[in-house]
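What follows is a pair of complexes built around chain A, which joins chain B in one and chain C in the other.
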Partner chain A sequence: MIEVTGLGRVFTKRGRKAKRAQQGGSAAPGSRIVALEGVNLSVPEGETHGILGPNGAGKTTLVKILSTMLLPTSGRARVAGHDVATEADRVRRRIGIVFGGDHGLYTRITARQNLAFWATMYRVDAGVVKRRSQELLERVGLTDRADEPVEGFSRGMRQRLHLARGLIGDPAVLFLDEPTMGMDPLATRDFRDLVHELKAEGRTILITTHDMAEAEALCDRVSLIDHGTVLVTESTATIGRMLSGHDRIDITLREDQAHLLAELAGLSGVERVDKLPEPGTARIHTTSADANPVVLRWLLDAGVDALRTGRPTLEEVYVHLVGNRGLTV
Partner chain B sequence: MTAKQVIGQAAFVGFTEFKHVYTLKTWLTGWMLRLVSQVVFFGLVGKMAGDRITAEYVLLGNVVTVMAIEATLVITTAALERFQGTYPMLVASPTNMGLVYLGRGLHWVVAGLGSSALVLALVWGLFRPDWNWRVAVFALPCLALIGISAYAYGAFLAACSLRHHKFRWLYLNFGFTLLMTFCGANVPRSFWPAPIEWFTEFLPLSHGLAAVRTLAAAGPVSEVVGQLALEICVAGLWAVLTLVFFERIAGKGRRDGSLNFTS
Partner chain C sequence: MAAAAKVQWNTSIRAPEHMAIVITAPIMSVIFLSIVRYNDRDDLVANAVIGTGLFGIWFVAVDVAGGVIQNERWMSTLDLVLAAPRAFGLVVCGRILPVMLIGAFTLLESWLVATVGFGAHLSVRHPGIALAALLVTLFATACTATMLATFFVISRDTTIYQNALSYPFYILGGVVFPLSALPDWIQPAGRVVFLSWSADLLRDSLSGDEVQDVLPRLGAIAGLGALALLLGIYLIRKAAERARRTGTVSLA
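Coming up: the complex of A and B.
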């Protein structure tokens, strides 16, 4: 349903400064920004695919290209069988777009009126608009507030309306760009339930996020992306195993236990020990998930009772991935 | 989905936004007062500078210009679109954004019609000009036509301002100052050098205002009809330019990545 081959996007800074730098042969590296480079991606019909990456990784640029808001500077992409660059109008009839955040809705008209407006823009048959709007409002739980101006809506309500707006054209492919950004945990949970329903309907969904838990909860497969390049595309289970292999243990030592740090560093199953800024605190990186119980037992036997295990942040996983792959990434 | 439905939906959004910004009280005491002051000011200048005929010429020109000024305010709606982040969403929808814009600011035409009609009534009462009664009867449809052509012209400038949104107020002021200055509001178009006079043939207001002047002077109906027909042509020209230019702007935005979500 989504086929991306060697996709690239370079932004060229405009303005006199950038022009002077280019003419003078001193084109600053900043005058050309590579947002995407050689991206390959294949998302079959019915799959929920996550694009994971930190801010500035290129996730939104990819979604903008796939949703026809932006043209690629190299490579090609097809959505629902149509080229996003040359058949934009055909692509637009088959997709729905949901962006996170406050923007993208007319706040002074009601939720129902917003849906009617966007239905018209998506060329939904006039006889269908009323019924479909009502169905979507019920689905996203906004029936009671359907006839109130959107400006009085909470972030979660707006996001649900965004989702309804994205579905008004009954799209085969749905793009969700950071859809739960800024939402409280309850609203996030409800939103994810809605996405599960859409998934069950067989829609193809591409979701960008920097939240690993969200990706695990929603996606069949995920692609890790950074600096405009796809680092890896795997099933969520595989990514989960990659993560658990990099678990860490944070400990707080008393003054009389300081000597333990050196002993820990030489312990089997310990990759390295980093001192943390707080006095007496350190972070133990284990070599594998199997090593964790062994190291924990050793710590308890040594009398260390202030300890905490945790999964690394996505950023730490990136550090591991890039570090392991070196220049081959 | 017809163009009429798209324009209708877009117009509905615009009217709702307008109702949020103005109440009848704020519209009368703010905007209307400003327009009346402007027209009276120019009327008095005309009176001081020349005879009664000059004063009435300037007065009528400025009353009709009120319609054109208000219609060009569609440029501010483009800025609002950008601020709300709906601009890229519209580009990524299967509908031509230019078509949306031909309806999105129509409330300015309706408001302009109300403003100019009210100003016309006020100055007629205040200055007692020697205008033919036909102005009172036929001014409204003439003003509506001028409003539509000025609106189409404003929508074109709105498309331009989407590319240079920092200069949106410059576009607005430049847009209506051009009309006020060169299209026969205060001095006849023939006053200007020939190239400028030729250029004003393609600007809104020029022919519509001439038609209203012909009405006021009890000129032949055929002349009024001919002038209004030319105003319709001008409206069509700017509407086509708007549709084409919005497509170009969207295409350029896709190429250079300037379809930002907010200003």
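Coming up: the complex of A and C.
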């Protein structure tokens, strides 16, 4: 459904700085921003695919290219069987686009009026517009506020209206760029249920996020991207195993317990021990989830009671997968 | 297009920024009419009234065209609307149309200023023709403003264009003084500006004489308008392509 080969996008900065650099005769390397480079990605029909990456990784740029908002500067991409660059019109009829944040809606008109407008933009038959708008408003839980102007909506409500907007054309492929940004936990949960429903209807969904838990809850497979390139594409289950294989325990030692660090490092089940910036704190990386109880018991026996276990954050997965340059934008 | 008109209508009744012209138009009428009076040229009262009216109509159209784009950019809907299957040009035109009513209102205002304020005697000898000319003019204005919206898609600063695009049209459109008053070499250029046809036809519809070639002249206004709309849709498409290449649609 989505086929991306060798996709690249370079932004050429305009403006005074760039001009001066050009006049100076140099190649002005600072005026070029490589947002994507050599991206390959294949998402089969019906898959929910997550794009994970830190700020500036190129997630939005990728979504914009796939949704025909932006042209690639190299490589090719096909969505629903059509080239996004040369057959944009055909692609547009098959896709839905949802951006995170509270922008992208006409705020002075009502939710229902917004949907009616976008329905015409997506060439929805006049006969079904009313019914479909109502259906979508129910689905995203906005029926009570449907006839109020959007300017009075909270962020989460706008976000839900966005989702309805993206679905108005009954798209086969749905692009969601950080769709839960600004939603409260309950709304997020409802949103996830909705995405599951959409998936059950056979739609192909590409979703970008920073949130590992969200990706795990929603996606069949995820791609980690950074600095415009795909680091790894894996099934969520595999990445999950990768994660639990690298659980960690944070501890705080009293001064008289400092000697324990060395002993810990030699313990079986401990991969390594890192000192944390706070004095007396350290992070123990275990070799597998099974090792955790053993290590925990040893710590308790040794009198260490200030400890915390947790799953690795996205940051740590990054550090693990790409080394320490992971989150430096 | 009707859907876009609805959006604009519903938007405008909640906060009609473009209403400013409703206040400035009468002031302009007073200026023009004072000049006319001072020179004892009551025969030119009609010119002044029609001139301010058309000025108002055109001003509102360009203002809204720029406003629509600017607004879409601020609300980040420009990206989305350009990536939708339907032509954006129709959206722009649809949104300008309902606001044209405000433009028409300025014509009424300058009429009132002339008759009530200055006690001028203005009679419409051919009301049917006047009304037809006005309606066709409103349509053509919306279409032509759509074409100009192309510049607003390309540029992030719309106000420069709004001003730069307004004045040539006032002159070439024979809005304030008839086209025949312009130097010979410039007159053909004025003929392709629909406003010059509108101004002439409106002026004739007030005078007592038989109005010649009504239908062809209405046709010329409508035709120039339709041509502008088609060109507008095409140019906006091109501008959108360009923006896709350079990545300059959204502010972010």
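Note that the second predicted complex is superposed on the first by the 310 of 329 C-alpha atoms of A that agree within 3 Å, B and C clash if a C-alpha of one lies under 4 Å from a C-alpha of the other, contacts with A are read in each partner's own complex, and residues count from 1 in each chain.
Here, a residue touches a chain if its C-beta (ideal position, glycine included) is under 8 Å from a C-beta of that chain, and two chains touch if they have at least 3 such contacts.
Source: prediction; values computed, not measured.
When both complexes are superposed on chain A, chain B and chain C occupy overlapping space and clash.
In the overlay built on the shared chain, the residue A:R92 is in contact with chain B and with chain C.
Touch criterion not met for A:S223: it reaches neither chain B nor chain C. By the touch criterion defined above, A:V124 reaches chain B but does not reach chain C. In the superposition on chain A, A:T68 contacts both chain B and chain C.
When the two complexes are overlaid on their common chain A, residue A:H103 makes contact with chain B and with chain C alike. Comparing which residues of chain A touch chain B with which touch chain C, the overlap comprises 9, 11-12, 14, 64, 67-71, 89, 92-93, 97, 99, 101, 103-109, 113, 116-118, 120-123. Listing the residues of chain A that touch chain B in their complex gives 9, 11-12, 14, 64, 67-71, 88-89, 92-93, 95, 97, 99, 101-109, 113, 116-118, 120-126. Of all the residues in chain B, the ones that touch chain A in their complex are 1, 5-6, 9-10, 12-13, 16-17, 20, 84-86, 88-95, 100, 253-257, 259, 261-262.
Against chain C, the residues of chain A that register as touching in their complex are 9, 11-12, 14, 64, 67-71, 89, 92-93, 97, 99, 101, 103-110, 113, 116-123, 149, 169.
On the side of chain C, the complex with chain A involves touching residues 2-4, 6-7, 10-11, 14-15, 75-77, 79-86, 91, 244-247, 249.
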